[in-house]
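Got a structure here, written out as structure tokens. Questions coming.
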Amino acid sequence: MKHELLVAGFGGQGVLSMGMTLAYAGMVEGKEISWMPSYGPEMRGGTANCIVIVSDAKISSPIIAAFDTVVALNQPSLDKFEGAVRKGGLLIYESTNIIKPPTRTDITIVPVAAAEEALKLKNSRTMNMIILGAFLERTHVVETGAIMQALAKVLPERYHNLLPLNETALKRGFELAARVAA
Amino acid sequence: MDTVQVDPIAEGLECVYARPADTLTETRLHYCPGCGHGVVHRVLMEIVEELGIQDQTIGVAPVGCSVFAYHYMNIDMQEAAHGRASAVATAVKRLHPDRYVFSYQGDGDLAAIGTAETIHTANRGENILMVFINNAIYGMTGGQMAPTTLLGMKTSTSPGGRTIETSGYPLKISEMIALLPGVAYVTRQSVHTPNAVRHLKKALLHAFRYQKEKKGTCLVEVVSNCPSGWKMTPGEANEWLEKNMFPLYPPGDIKVPHS
Amino acid sequence: MARGSVTLSIETCKGCSLCVEACPQESLALSPEINTQGYHYAVLVKDNCTGCINCALVCPDAVITVYRENKKKGKVPVATISNVARDISVTIDDERK
Amino acid sequence: MTVSTAELMKGNEALAEAAIRAGCQAYFGYPITPQSEILEYLADEGRRRGMIVLQAESEVASINMVYGGAGAGARVMTSSSSPGISLMQEGISYIAAAQLPCLIVNVSRGGPGLGTIQPSQGDYFQATKGGGHGDYRLIVLAPSSVQEMADFVYDAFDLADKYRNPVMILADGALGQMMEKVAFRDYNPKEHTPAKPWATTGKPRSRERNIITSLFIEPEKMEQINIRLQEKYAVIREKEVRSECFMTDDAEYGIVAYGLAARVAQGAVEIARSHGIRAGLLRPITLYPYPSDAVRALAERVRGILVVEMNAGQMVEDVRLAVEGRVPVTFAGRMGGIIPSPDEVFAALENLTTQDVALHAETY
Amino acid sequence: MTVSTAELMKGNEALAEAAIRAGCQAYFGYPITPQSEILEYLADEGRRRGMIVLQAESEVASINMVYGGAGAGARVMTSSSSPGISLMQEGISYIAAAQLPCLIVNVSRGGPGLGTIQPSQGDYFQATKGGGHGDYRLIVLAPSSVQEMADFVYDAFDLADKYRNPVMILADGALGQMMEKVAFRDYNPKEHTPAKPWATTGKPRSRERNIITSLFIEPEKMEQINIRLQEKYAVIREKEVRSECFMTDDAEYGIVAYGLAARVAQGAVEIARSHGIRAGLLRPITLYPYPSDAVRALAERVRGILVVEMNAGQMVEDVRLAVEGRVPVTFAGRMGGIIPSPDEVFAALENLTTQDVALHAETY
Amino acid sequence: MDTVQVDPIAEGLECVYARPADTLTETRLHYCPGCGHGVVHRVLMEIVEELGIQDQTIGVAPVGCSVFAYHYMNIDMQEAAHGRASAVATAVKRLHPDRYVFSYQGDGDLAAIGTAETIHTANRGENILMVFINNAIYGMTGGQMAPTTLLGMKTSTSPGGRTIETSGYPLKISEMIALLPGVAYVTRQSVHTPNAVRHLKKALLHAFRYQKEKKGTCLVEVVSNCPSGWKMTPGEANEWLEKNMFPLYPPGDIKVPHS
Amino acid sequence: MARGSVTLSIETCKGCSLCVEACPQESLALSPEINTQGYHYAVLVKDNCTGCINCALVCPDAVITVYRENKKKGKVPVATISNVARDISVTIDDERK
Amino acid sequence: MKHELLVAGFGGQGVLSMGMTLAYAGMVEGKEISWMPSYGPEMRGGTANCIVIVSDAKISSPIIAAFDTVVALNQPSLDKFEGAVRKGGLLIYESTNIIKPPTRTDITIVPVAAAEEALKLKNSRTMNMIILGAFLERTHVVETGAIMQALAKVLPERYHNLLPLNETALKRGFELAARVAA
């Protein structure tokens, strides 16, 4: 098994940490991992993205041009990376922020209104967990349990009270994705 | 919350402030929200526009957050290597003595890696303006300690707060430079309030005039913020600045030319 | 009617709030909406602007244009020029003029 | 955070952690993207664990502090990225001439000039042929994974001490920024650090004074120094060459690539194999000493060699020097901070296999 | 002192005088032996004749002043010797990336480190492969007489302006200090200096602003810049290669040497001929672009090639890259500031002719 | 002229001055006749010998005429790159905080190319001694202008005399450095008369004591001569020094530590 | 008999004359002879030396050893140590002693 | 014709300017010239030397290991360069300063008491002209007239009153050399 994922969005949307959570979860499951951020003059806003590869075997190139899955959290990211999904691959996008939806027909497209759902959870930062849930529902790259263990690792101690909320968010994501016709 | 929709011109109001259209380009500034760099850029360009010296002004950008200054300032500009803006400006001015030449530099650029160039440019009394943005941190590279970082201040390379033992004292380079006989004018300003901006503009106007009068090196230090590096909101940053930076870096003239 | 007003460019605003804080009239606020850069941009929310230009002075992104009642009904100043320099006696005479 | 089992870490952090574990006593450096995490990690974790960590006023100061620290007998290091490394060239030449052991890390980025902060291999010549003045060589190690970012730190310090020679780890921004699993080896610095009777530690009556210098004003003397350096390099060329092969046994076509580019090239080899093309990869691990023999051996087996670099073609010269016209050598690279994709490399490989490439083909 | 007939001058002075005559508008430099006479001559004679001559606080400042002056549209130059040139590497990379025309003179001395002040060719790699970071090239001219110390200054400025590329004159201490006859050519700078519409001179309304920069933060853009640079270098390699032959027509053995070493090698050829050995000399004049074709052509005629350098063997790599194993290539050199004598070189040549040198012989 | 031949010991006289035998090597100094470097070397080594700290002292030599200081000083020494002696000394001291560490630098080395290192070493308050030989010229390279060269002074790169316009002002770096809070002691001495030598020795002794007491950076400037560069006899040079250098570089303490 | 005397090392002297000029007794002069380095070296030419050590203090080449009558006939000081430090109250106590 | 000469002595003895005068004289006669100083940390005393080559044809190597003539003005120079005279070549030395005379028997050796003679001329700086005279007497590399023209060029205007004295010195050198058995 090898899954190659790109997550892209605004700087503040938790793009890098969503990728990192998945990477840690892969670690928990004993998989090979590579997490590659697109780093820029970081302090400034603008877009950010990262490539995460989770694999049973050693990973050769951590940089690739086409992905099994692309997650796009804002319009510029969608515009830029829609074409980078492999034929037959998966495109998940945050449908509250994105007004111009993707147009490809040779891939699976899953819109997730994660921002809206996060508002319902009263914590906008859960948005990326919702998306991650949706991603897992579709790909089963790692188990939810591994994600929760990863989160315990990624989140500083003082935020561990948020773990249950994140678990809820993850599940919401599962549900939302399951609702979209495959 | 309702927004007020007015067409000021239709209402018979007259425009009393607009961005300098000739000297500031349309390009969106890449700075973080609330960053003082943008204000200083704008004020500098207001002056160039108001004095009508767009065609006579050559700027030198540093390496630092303001590395892209030439994307915004609509004048001829050179992008210098980190710390060397004043050396670059020296050459430009020597070859074009009738031009207004300024360098624009952060504290890492001007007061760390560029210390030798800064001091010798000033000591030669090069007839240029050095605009020195002191935000007590390395913004561009992600918030490391600068020579001007305050004691106790936390940065990514002084995670426990700057200590004298490890990193020495905050460097008051403007005061040092003011000692040099070739230096005409040294002043410290800020941009954290409307009035501070007015004063900065005045100081920069002075500096341009002194350059015209060949008085020697002018240095305008701007005590500025770095909301990202300081990990504060812009509003908090400006408050913090006044409370914590001003005691060590008090605003005001440090040296003015004789008559 | 207000003595002054401002216009703000939605897309260049970064929602730093400095203008909001600088406005003595509390005429400005951040919009709950975001622009295409993802920022909550500043908007005029009260009709009590005096045209004092404080907001424009502190705005790092040159977002704001300020208008004011013209008391001395003279010739309308060129819109691109800040009036800050008016307070200031310093000028440079340009040989070319 | 004294990890011992595998951790997920950025390359820069893994390197910094390994430096602490390798007994590095002092770090001198100046921030620059994409490697500031090394300084930041050490300013935090390194200081906590007793290391001297000084943020210098510049790279020039940093490298001269490294000179001073190494001359004083300590395990010391600096790190920077391309423009900063350029500023260190005078100091590096001094360190090489004075035969001081130390570690210099270049997490390089796209040049020339201020360039970009994206990963690049544009500093190969500078690292391997000597960007500074005079005849000297660094030992240059090129990691290609986060694990090697850590592992090579120990090797670097050991080699530096063994040969009293500066060692460079030549990585790139992607290796510095990416996260992979890393495990830290058991390593007791005390067992690995030789006595340094030549260091300036204060001259007791019992020995002659120690002098660290690179000045030998009489050319006859200076030539002797140079001859000794060359002899040392000859030993290093004989003993310390490292490279790695991937599927070269039955290969008809060889790729030579190092660092991150080797990872990409390995991806291309996998693609090629899936297309029935018998490709193999030779990865130089030491860029100096260069694995010329391995390249030559490869050239004797294959029908053509493709060199892949993230630059305009630099190592390709060392490959051609080893191949000496035996088989065609072609080059595929991306510049300015762009990492080629495995597909691109595969396309270049296909070109080599299908086109009628003339012998002695120019590489550009 | 506006001489026009032949004069007896030091190489450094001849170079400085030629710079004035070539219309160099500004010189920025820092003293260092064995080239301080350039600064001294210009501080006196240059200033008198209207040149801006600034003794900078360091070589780092000097090269960045050169950047500024070149960016402002002037013919500008700096000069230094090996350690000082190392300090300029960051600045040189910036100049190359920003495509600024200028002249950099390296009157090199024995390294590495502080080394010695005697003549050396130890900076060949640094000059030709890029001592700074990133993929860039200098045009490198190697004079071998005082006359050429003067002549190449005009060529250097012309080439710099033509290609918007920094040009280096790579000399050595002996060429700088020795006196020979020199005549200054007729040269009107006005006729040779192209318009520089890209320079920062103050932006009138009639044109877009001019920007001198080497920063292109998007890697795609930076790659485009690099591609343009590489295309320029390809043109330079095609059009600007220069070399000179001495008695190679009927030669059985070839020597390749440049600069002062070529003079010595010519002496050796004379000795060889007097011993009935048909030797010939190929002298690369441009070290970049390298006269690979000429070397290859030589290799096709002779039975072996001896490379002579005042270093541990650097250009020999470029020779081997051109020869690609066709004939044995051997190397003879002296290091650390020592100039080989013609007799020594002749001895090395005799070795090549009599010994059974294996093909693909290692050069060390 | 007859020379007096005496055997002082036979005459019952006792030795009251001899070169420091342990800390000065037998090697003939390579300096020009009358050059002040020799005196400063000797005085430094007298102190190391008298204090019995030969085994605790590490020196750093510059690039300049004193590049060979380690041929003469019989202590562990490092030869730094031009201008970087204080950076080298910083590292040595940080790694060996219990050692006495000094740098020995000329004016080109310390005040031109090394300005950034000098200032930042002092600003960090590195607990070292910087011995600064100010002879207003570059001796080693044949008499070029230094940052400290006087106005009007002729050197090989200011053949018509140093002018402000071209080269700026003589740099009083000791005064600048004294401003820095990390700096404990700055004094200016000379070696042109026997009494001046006595004072220098006293100043250096102070500096060693302050280093022991971890007071911070000490800088001892020695206004010295360069008969070769100045093109004078040693006697003339010392007179010229007093008459021309002292007005700008007056001898005496510039900063002394509290208590 | 003189109250003091000096010895000078001919081969290390560079004939700079600084000692000659520093001597208040005019006891020293340069020899017309040169040493193997080509310098006219300094010699004692008058028997009136007081042992004031001025010459030794200014000699850049550490050529001169100075002797003096021992008034307080105590123990003879170690010959290698300058007595300059005697005037000076500053001392560093060495922990090792 | 090609003559290869090395002049060596103390820094202050006019070693470099003697070589330079010869070089200029060669120029005057239209010859090819190369003058190569051994440069060191110049400000300091110690020894200095220069190689002068005067030739009818273009000069290849300006650096050589063996010389037609060596002129030694002090003991260290003689000791160092006695061996560098070509078999059958010429060695001129200043015999006032040099106490340990040369010992080779395969070369011509000409001692010249130039320092002594210079004292007689009341100008110690004429010493090198005396030596140059001796050199020319033996080798005739250039004509005396060319030397005088060269001197007019080498000497700054303000010293031109010394030209006659230098001519006298040159002639003395001729005479002294002529007196030594060839």
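The letters A, B, C, D, E, F, G and H name the chains in turn, as written, and every chain counts its residues from 1.
Just so we're on the same page, a contact is a pair of C-beta atoms (placed from the backbone, for glycine too) under 8 Å apart; a residue touches a chain by one contact, two chains touch by 3 or more.
Please read these numbers as outputs of a predicted model, since none were measured by experiment.
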Joint neighbours of subunit F and subunit D, given as chain labels: B, E
Touching subunit F and also subunit H, the following chains: E, G
Among all chain pairs, the one with the most C-beta contacts: D-E
Subunit D and subunit H, separation of their C-alpha mean positions in angstrom: 55
Whole-Å gap separating subunit A and subunit D, where each centre is the average of the chain's CA atoms: 34
Centre-of-Cα separation between subunit D and subunit C, whole angstrom: 54
Where subunit D touches two or more other chains, by residue: 33, 54, 57-58, 60, 83, 90, 94, 98, 114, 117, 213-215, 217
Multi-chain contact sites of subunit B, meaning residues that touch two or more partners: 31-33, 67, 79, 81, 112-113, 115-116, 120, 140, 142, 147, 167
Per-residue overlap in subunit C, given as positions that touch at least 2 other chains: 14, 37, 39
Residues of subunit H touching subunit E in the complex: 20, 23-24, 27, 32-37, 39-42, 59-66
Subunit E partner contacts - residues on subunit F that touch it in the complex: 63, 67, 79, 81-83, 108, 112-113, 115, 138, 140-142, 144-145, 147, 156-160, 166-167
Touch list for subunit B against partner subunit F, complex: 112-116, 119-120, 123-126, 147, 164, 167-169, 171-172, 175-176, 179-182
Touching residues (chain side subunit E, partner subunit F) in the complex: 30-33, 36, 39-40, 43-44, 47, 53-55, 57-60, 83, 114
Touching residues on subunit B, where the partner in the complex is subunit E: 54-58, 60-61, 67-68, 70, 73-81, 84, 87-92, 94-96, 99, 116-117, 120
